[in-house]
């Protein structure tokens, strides 16, 4: 089987030995998502980083009060940045998220391969052009690029968020690539337009509605 | 829906007006594969090119007498070249072929995103390293690269074939990208490890066994 | 002598052992062109591919009924794509073709080195800009590039042909580079504005006029 | 004056209106470092992100219990990643940190311009080669790169940390570049080998010794 | 100490054995600048080249009769070209020159890291955009780039000079990089806005005013 | 005619108005070479630069006392650097020089298009690999590259010269490209293996033998 069976190229602690709060977090993921994302297992090697990473991640990707980007938009940025960096882990994990949140299996494939081929509206196209450039030629980003975002309807607050998400996946991509982390095999089969995984979708919706910090998941 | 609904950015003829041999070819695709690959519809705009392209394609991808690469290996090269060129059409169509021929949905995703993350054997890795370099830095290919193939078990005949397939997808990628051809939506759902599309798989096997030129399909 | 004396880095069959139709084709090349292009000798290693390649090539480069690009325009695209890919074989062979068809030795050198330095008209410049981008950044080709071609007078049919030729030399370049094929030494001296090779020019004109498939030549 | 006088291209809140914990944090920076790094002022636009970012940053750059990289090594990675990305903010801020922690003004300039020109030992060179590649060609990072780190004395735990720091500055660089954040002008003059800023150095040492979370600074 | 202590990776002659005119030139540098730039020591290995290089350099960088670019503008081009090429020697030496001539330590750092982050006027920005492109993508420079210079107030004579300076540092960068030349350590500390090195500044002004060829310095 | 009829994109002085030494130099070129290289006409716009450029150029390319590279080797470097930069002027002018000095028209074409395709000996290959890397990735040149030159028989003195020539054509390429200088049309037809231009060859040999500075030519 071509996907290697390791989780990462570093040793990971025995789950039974983890601190209770981390155990609880992972159990909640299992319950709500049906899996514990491998990225989280990797961070269990460093409990303080586990806590900070999940907090950072959840504030960025799940917050619905401050950030006005939809969750789908954030996942779209994640996939396009990961495509630019050719990060297997993040493309698989966030490609699934795009399929789930959009209900559109084609969109996931389009963003994973070449977002320019998609029939995107002006807003999405401007957002992804910015994310692509910030990823591949960050030193050339200038006022013209910010103006293009603004012309597509993004204000200063949105600029912060688009930049934040695009920049952050330049972090997570490299973590996954540097440590050679493999995505959970389940992602491949989810939301392909064949079966609908209603349990998982429902779980996520309710988790999100609950708004509890614990119920949030990390997928970076 | 983000995948645009056009087949290509050029007008295509009414299928009813096509020459009989082309109609027959397309009908056979529909019967055996359950779809007519959009690349073929594009070439109906030029009947002589339709005939030559399908002949070229089938000799390259389906021949089992002269070429000693497995069909899966040829499709693996197709996907890796298309990943280097970020060709949406070919990644979708040949990603599906890799999933079908390998029975391994993960392999398709690995090759579409970053073949280096896959747990490939020496032979497959050498073959794909060569295809990647021939695609991205062809002017740097030299005796060292050919020696690396040889060291992995490829002889002079195989060198011709690996080169031929890798080079050819540099053609088809650019045809699809230049004309903005959309892949058939069915590919997205096929061979995801959820349902098994046994009909299609069987059809392909028998078509291949028949060895008749008519039953071959093009997917470029 | 710095041009290696091999034809390619794979063994080639004894010409005396070839099938009659291939022998005839090569003899006609010798008679009409004064040489057998080495690319054809390479394909004799695979007779079915020899037949399909020459058919593909001739339909693309020599057809005067369907394709409205001039033969010179097609050769110009061939040279510019080959320059982008730095393919020695194709630059020598098609550089000669540009010199012959244009009667302008400088044009060949300009396209081989940097077509932007040439004093090209709007049509030729748009065509070559498109070919360059399709070769070097195919995933960025979009509606704007197609519109630029259209603004320079190319319609949908021409778009197919410009794309086809530019894409195809991305195939032939890599075949020549992967197998390290050397061009016939004669090309270097032809059409330099010193001697005029009237025989060859006349031969080609008549061969072309004859319109017989046999009289067509491959130079890829 | 060529350094623009804005802090960032987004509006920032009136410092007087900030939450008390953030006010306290900034006051401590001013007291200990003699300045409030502009990156922190930018995050005051988003109080929750301020708290998470500083926690993430400080755990990564100042921790002395778990991470076995020296603080100087972490800053060296920061500078080399920022050089690859040509991030003005981070080069100025972390170039200063390298000068301060190493006591060597030349080292800062070397890492800012081209770390390959420095007379680095094997350990530092391996670490920075890895950081450069992870930044510029992350999809090509593989077992060979991890083995090179290991051969230079880095174990699995260090691999996590080198990756973490290198990856993280790919985040901060893009935040600074996307929002066009200007570094505090004071950095330019500090630790140039002309005056020694003993106050600041002492302050930092004691802050670090104190180990209190409050006394840590962010400089990302 | 990370800056290696060699001057270059080739052996240099004993200064006592140099021709008198070269000794005089170096003595004058020492007197006026307080140092003998290492680049000059390297050229002492080839006395005729020493003479021609310094003549070339001084005519280009110090001439005030024919060239209408200010000396600062020429140094700004030098730094930006050297940043594109990541040349440690030239960034250190000419970064110092920019700090001295502008009296603005920040400008030096901005140009060394990313001139796009600087608050440059239209003239300087156009000049540096041209220098960057001529350095990194010279084959794409065309009439549009020359027109952009003209629109920013540069005439044909200025075009010659901007091109000349930008092109020349593509020479000196590679000389320094090929021979691994280390800059004089003194540059690091000069003109940092901490101490003002009035002696050196005065010396340079008077040397320049004298207009004598001998008093000119090379810093390439 | 596609080669534009301008010499450069800047106005040039009336030859009748030039200083006598420059007139004499150009007359000697005409007499010995049969043409006045256009690069020299461009520098007549700046008489002091004309004198310094020709001195620099001749010391570098024609010296036979200090430099141990053959003239052909220097021209080979010139062509390979110009190929990397895709400089039309220098490829045409120095491609001709390679054809003349080597008596091998194929060598010129090989170096203009892709020197890796040539059957070069170890010495020439090492020299050109170094020149290519110094041109395209100067910041990555290191001790390994210098050692490779040494292993191929180049000593420290040769290192200076190989570096000098390779670096210098990075200057001249950009001068020609920035000012859009066209090469003399005569180059295209010379030394194609068709006619032998014995007069020119003899002239150059005698000019070189004379060793007089006046008789040297510039071709940059």
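Letters A, B, C, D, E and F mark the chains in the order given here, with residues in each chain numbered from 1 onward.
Just so it is clear, contacts are C-beta pairs under 8 Å (C-beta built on N, C-alpha and C of every residue); 3 or more make two chains touch, one makes a residue touch a chain.
None of the values given here were measured: they were computed from a predicted structure.
Overlaying chain A onto chain B using CA atoms gives a rotation of 180 degrees, to the nearest 5. By count of C-beta pairs in contact, A-D exceeds the other of the chain pairs A-D and C-E. Note: centroid distance chain B to chain D, computed from Cα atoms, is 47 Å.
Averaging Cα coordinates per chain places chain A and chain F 54 Å apart. Contacts with at least two other chains are made by residues 86-87, 114, 139, 142, 180 of chain A.
Across the assembly, chains come into contact as A-B, A-C, A-D, A-E, B-C, B-D, B-F, C-E, C-F, D-E, D-F, E-F. Of all residues in chain E, those touching chain D in their complex are 1-5, 83, 86-89, 91-92, 102, 104-107, 109-110, 112-114, 117-120, 180, 182, 185, 188-189, 192-195. The residues of chain D lying in touch with chain B in their complex are 139-140, 142. For chain B in complex with chain C, the residues that touch the partner chain are 9-11, 45-46, 48-49, 52-53, 55-56, 59-60, 63, 66, 85-87, 134-135, 138-139, 141-143, 146, 156-157, 159-160, 162-164, 166-168, 170-175, 177-180. For chain A in complex with chain C, the residues that touch the partner chain are 114, 116.
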